[in-house]
Amino acid sequence: MDPIMHKAHAADLVNAARIRAGLTWAGLAAAIGAAPVWTTAALLGQHPMTAAQAGVVVEMLGLGDDVAESLQQQPNRGSDPAVMSDPTIYRLMEAMSVYGPALKALIHEEFGDGIMSAINFKADVTRRADPDGDRVVITLDGKFLDYRW
Amino acid sequence: MDPIMHKAHAADLVNAARIRAGLTWAGLAAAIGAAPVWTTAALLGQHPMTAAQAGVVVEMLGLGDDVAESLQQQPNRGSDPAVMSDPTIYRLMEAMSVYGPALKALIHEEFGDGIMSAINFKADVTRRADPDGDRVVITLDGKFLDYRW
Amino acid sequence: MDPIMHKAHAADLVNAARIRAGLTWAGLAAAIGAAPVWTTAALLGQHPMTAAQAGVVVEMLGLGDDVAESLQQQPNRGSDPAVMSDPTIYRLMEAMSVYGPALKALIHEEFGDGIMSAINFKADVTRRADPDGDRVVITLDGKFLDYRW
Amino acid sequence: MDPIMHKAHAADLVNAARIRAGLTWAGLAAAIGAAPVWTTAALLGQHPMTAAQAGVVVEMLGLGDDVAESLQQQPNRGSDPAVMSDPTIYRLMEAMSVYGPALKALIHEEFGDGIMSAINFKADVTRRADPDGDRVVITLDGKFLDYRW
Amino acid sequence: MDPIMHKAHAADLVNAARIRAGLTWAGLAAAIGAAPVWTTAALLGQHPMTAAQAGVVVEMLGLGDDVAESLQQQPNRGSDPAVMSDPTIYRLMEAMSVYGPALKALIHEEFGDGIMSAINFKADVTRRADPDGDRVVITLDGKFLDYRW
Amino acid sequence: MDPIMHKAHAADLVNAARIRAGLTWAGLAAAIGAAPVWTTAALLGQHPMTAAQAGVVVEMLGLGDDVAESLQQQPNRGSDPAVMSDPTIYRLMEAMSVYGPALKALIHEEFGDGIMSAINFKADVTRRADPDGDRVVITLDGKFLDYRW
Amino acid sequence: MDPIMHKAHAADLVNAARIRAGLTWAGLAAAIGAAPVWTTAALLGQHPMTAAQAGVVVEMLGLGDDVAESLQQQPNRGSDPAVMSDPTIYRLMEAMSVYGPALKALIHEEFGDGIMSAINFKADVTRRADPDGDRVVITLDGKFLDYRW
Amino acid sequence: MDPIMHKAHAADLVNAARIRAGLTWAGLAAAIGAAPVWTTAALLGQHPMTAAQAGVVVEMLGLGDDVAESLQQQPNRGSDPAVMSDPTIYRLMEAMSVYGPALKALIHEEFGDGIMSAINFKADVTRRADPDGDRVVITLDGKFLDYRW
Amino acid sequence: MDPIMHKAHAADLVNAARIRAGLTWAGLAAAIGAAPVWTTAALLGQHPMTAAQAGVVVEMLGLGDDVAESLQQQPNRGSDPAVMSDPTIYRLMEAMSVYGPALKALIHEEFGDGIMSAINFKADVTRRADPDGDRVVITLDGKFLDYRW
Amino acid sequence: MDPIMHKAHAADLVNAARIRAGLTWAGLAAAIGAAPVWTTAALLGQHPMTAAQAGVVVEMLGLGDDVAESLQQQPNRGSDPAVMSDPTIYRLMEAMSVYGPALKALIHEEFGDGIMSAINFKADVTRRADPDGDRVVITLDGKFLDYRW
């Protein structure tokens, strides 16, 4: 009896196979008919996939059933703090440190006392052309949940 | 000679006067002709205002020149970690912990090696009606900066 | 213009007046018609009260309008880590450290991938008589939120 | 002479065998006649099992005596902080950060100076149907221990 | 309405008056008929006193009713980590770091799976004459609590 | 040339052999004629053993010379912070957090400015029968060392 | 007898007077004949000034002798970690996190085993015009110190 | 399918081969026609190389295609905090702690509100002869980015 | 009744008076007939002084009885971590991080299993002339304490 | 191509061979003609050795060329914080926490504003006979470096 492959190891194998096959995250997302951010997060270990989704991925990438089994497991979510200091990710954290209290104030002003759900939630990242340099546009879209006793 | 009023104290006074006068952050933003997230962040101490902007704010709120002087100063930016664990703000941090590596992967896939600037950057928060419950939509929009030696 | 009284100071005043008047948290909750855990949390600074609720409290306790104003403000929620190591509170944290992964596994088994909301949420604490020593029974009751993209 | 299998490794093997056999945590609990939260916690490494309990589990799951031996050992209890930031578990921690001081105040009001034991303690998690969405109900039930010199 | 005097401030006043009056902690303990460690801990803010005990203390020390009121309050227990690195206290922590796992193993061997209560608990510190230098003997005496579901 | 076996690995082997042979820590202590807390701490890696002591242990347990060699090495003392949050050990730490400043005050009152040595030190753990439930009694006994320049 | 004014308070007064007088850090540096980075660091509390330097500064800024006395004191050097996360400062830290090991490798390759002194050290910040946007050029210039026993 | 070699392992192999071949970091930089700091950082895992650059390196060093593949991957940037306390690197951090606020003030004075980019950025380290001991001169050169909404 | 003056405040007053009177730490030490490191540490709050020593100091410095009372109190010893990162102090810590394990190995080799006491301990700092630059020589001299059960 | 042996592994092998051969650190130091603290630190991984020194060591200890190669590499210096809490090392840290500010004050008084170098530095540990118990005498001897711009 082997334990189920750790999701971090499955992610390493998916990434290696993806690069060697010349495939993109967006292409994998299209193949399983899911959003790119969701699909990438799932393949990096943050969401469980269905058996069908996992099956498409391992077939496209020439990986084994052990990878497919791993991709379907319930994850422990969240990232190692060391990863969060990578500059590309850190800028997102810095933006929250600078603008978080302002976003909180405006959420309360518009919606009342509550939060934007991070569970009933989706995210997208797109390119917006700009003559001064193209821009990364990240959209965070979550259901408002009011504090309700 | 008094030191310049600390921005946290100015923010407390702005907030108290704003609430007692029945004004919104959005209303203050409209009065100075700036974006709501920028204006709220500036009044909470994260951006310097121009003398004209600060003057409009203190006149609307019946505050003194010491507040206006404070609002114009260069800040030390960032928020106390204790504030970042407020549930409304924490959900943003959690989303970055769950989706940050996926956003990084997709930024690299679309733009190459680089970051979304948090300096040449704007943010917005809006309400999107939804029959299952309205949604908070936060847009982060920053210039792509490639690692360029 | 004075800043709004800090919620920690309002809580100190409410607590002092409550003790000197011989009133209980449960009694204050009954007076405003709200649940005991909600009311106590609100008076300790974790929830905003309505003007009516705050008015009842300050009248019962002989406190001023500045306290009532403070009680109505939107809080930054959460407790100082130093407080969380008080033995009465720490036992709750220890229980989560010992049983948290089991509770997570059982939530997923019963409900699927998601969480118990801490926003659409209520809590209660009661006494249950037991010949071996009475027991504290804490109920946490939150809406299940499934990860839904 | 091999060292005794580490409980984390035993938990991985139990979980893998459980999933591949299509068994639930609740089913394993029923098989050994113990509560679901206790059983799940024990199989994840937080409680020692009796030889009889461990024997039933490894027979149901087709695992070896080395797993059974491991399940009977005295644990070092507690979870890695990284696990505690998983959103499903974090919501429990957040609830304690928001409501912990209120629960402490109400325990003292009802019982006097003391704690809810986390040792003479049991927990349960159930589903409560609700037209606005079913709810997770977690009950923490511990003996009151007064500070007694 | 003044808030109740903070227990740290009451402890500072008790200590100052005690020193200026030439009284010992042991003498205060004898006066209220309680154990020295309990009394000292209570006066330093870790236990609530009864009104009678607090009354004896403030009368002996010439302190006011505000101190007596403070001494009777329910504390948030525990010490600032900075205090725990004082060498006299640190040696106790170091002993636990070196011998804690051995004490745990022997508690389990003698009593089974459980803990020594820190609530139903008493402590004492005495001098034991020794020709090689007198010794500090600290006794920790707590009820065994077995893990009991 | 192999490195000397790490003391944590030796401790795992000692513990496994001890359990499989049905021996107690107290029994091993008696066999080498040393105190139970010292012996258990030494076998868990906190003290070096003499060659004779190590020889008795490995012979009783059927372990190899590599274990005996490891048991004789000078340790780096102290425990991983993760271990210190095990509830059985944590109660000892909590007691120090609650009573540490009181113990310090009483040590100074009785002995003057100094510490209880944690080096010229011994500890014991015993059971004391009590009709309300037997008690764990831990004695810490260290030479007083005065601050002496 | 008043204590000497804390350097952080002196820095606040210097900064307030500087802004109100319309003076620059560079102008203050020129007035005392010292480098801009050194002067600014000294006025912010990181270096002691001579009596002559401090006298020039307080006269230019209309501040009192208490400020001049403070500016001459030996500092405890270093900045609060909260300040180091300001984005303008953080980029310097991030550059060290990304390039620090490379700088170390090249220092060792060119100079041997040793360090760049941060004591026998000077720093400068200048503007370099660039058609793609002007650049900040920071020079760190410290004596090489070889590990020399 | 093997995962792609971890960049830390590739760096270890590059470094071992470089030393055994008697090559310098500067020599490798010259061979690929890139700056020494950039090249060293890239080979230590902080920048992706082009296939051509990686090919030159592995051929010079007699390493395999698996190393070349690793060197081309997008990194997670940043260094382990343990590495940052090496004295050679720590002096750079200390300089930022002592001079960071001064550099920030002078950047704002010369350029306005903004930062020196750490992305559109280059660094160099050179030797400057000095009769009192040669000096390490590190130049940090980044584009100024103004806070621009 | 005032609390006893905090030792940090007494140290600030001693230091201010010392500087204004043009006295040295060494001079104060000579006046009370104690070692310079001991005296300076005591005046900075790390040791209690006798009434006679405190009396000499406050008379030399023109300070009040409240300072003398404070200097005689039992301290909570140790320094704020922020102070330990001052470069002059940090070098001592760095030396311990680099040489600590070697010092430990040599202490064990020469003395056996034990420690250098930090209680029965004295320290000195002297200047040693050297043509390459004078040297700071710090001597740490503590009684060897063997682990003795 | 193998990576160069990690210095921690080389240190483990050196230590094992040293113990089995009955050699002392001091003996190894004498054999290579270097100071005992330097030699021990170098063999534990804190300094690079020359090829000649490394050659003598591996020949005396019967170790391989891979160890000799490792001993010659440039280290990343510093010790794991876990090691620093070993009691023998911790006493050194505690002494710095208690006496560090006093040593700093006396260094400034004797030498002016600057530091004791930890690079141009040597250390020694000796035994001093004392009728009350022999003493460990540690000498830290570093060049004074003044803050020199």
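The letters A, B, C, D, E, F, G, H, I and J name the chains in turn, as written, and every chain counts its residues from 1.
To be clear about the criterion, a residue touches a chain if its C-beta (ideal position, glycine included) is under 8 Å from a C-beta of that chain, and two chains touch if they have at least 3 such contacts.
What you see is a predicted model; the values in this text were computed from it and never measured.
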item	value
Distance in touch steps, counted as few as possible, from chain D out to chain H	2
Between chain G and its twin chain J, rotation from the CA superposition, multiple of 5 degrees	180
Inter-centroid spacing, chain D versus chain A (mean Cα positions, whole Å)	29
Chain centre separation (chain C, chain F; CA means) in Å	42
Cα-centroid distance, chain D relative to chain I, in whole angstrom	50
Computed distance of Cα centres, chain I from chain C, in Å	47
Residue list for chain E, restricted to those that touch at least two other chains	77-78, 83, 85-88, 94, 97-98, 108, 114-115, 117-121, 145
Set of all touching chain pairs, with the criterion as stated earlier	A-B, A-C, A-D, A-G, A-H, B-C, B-D, B-G, B-H, C-D, C-E, C-F, D-E, D-F, E-F, E-I, E-J, F-I, F-J, G-H, G-I, G-J, H-I, H-J, I-J
For the chain D and chain F complex, residues of the former touching the latter	1-4, 73, 75-78, 80, 118-119
For the chain B and chain A complex, residues of the former touching the latter	24-26, 36-37, 40-41, 44, 46, 77-79, 83-84, 86-89, 91-111, 114-118, 120-121, 123, 125, 127-128, 130, 132-145
Sites on chain J touched by chain F in the complex	9, 12-13, 15-17, 19, 62-64, 82-83, 85-88
List of chain J residues in touch with chain G within their complex	34-35, 38, 47-48, 74, 108, 113-115, 117, 119-122, 145-149
Complex contact set, residues of chain F against chain C	85, 87, 90, 94, 97-98
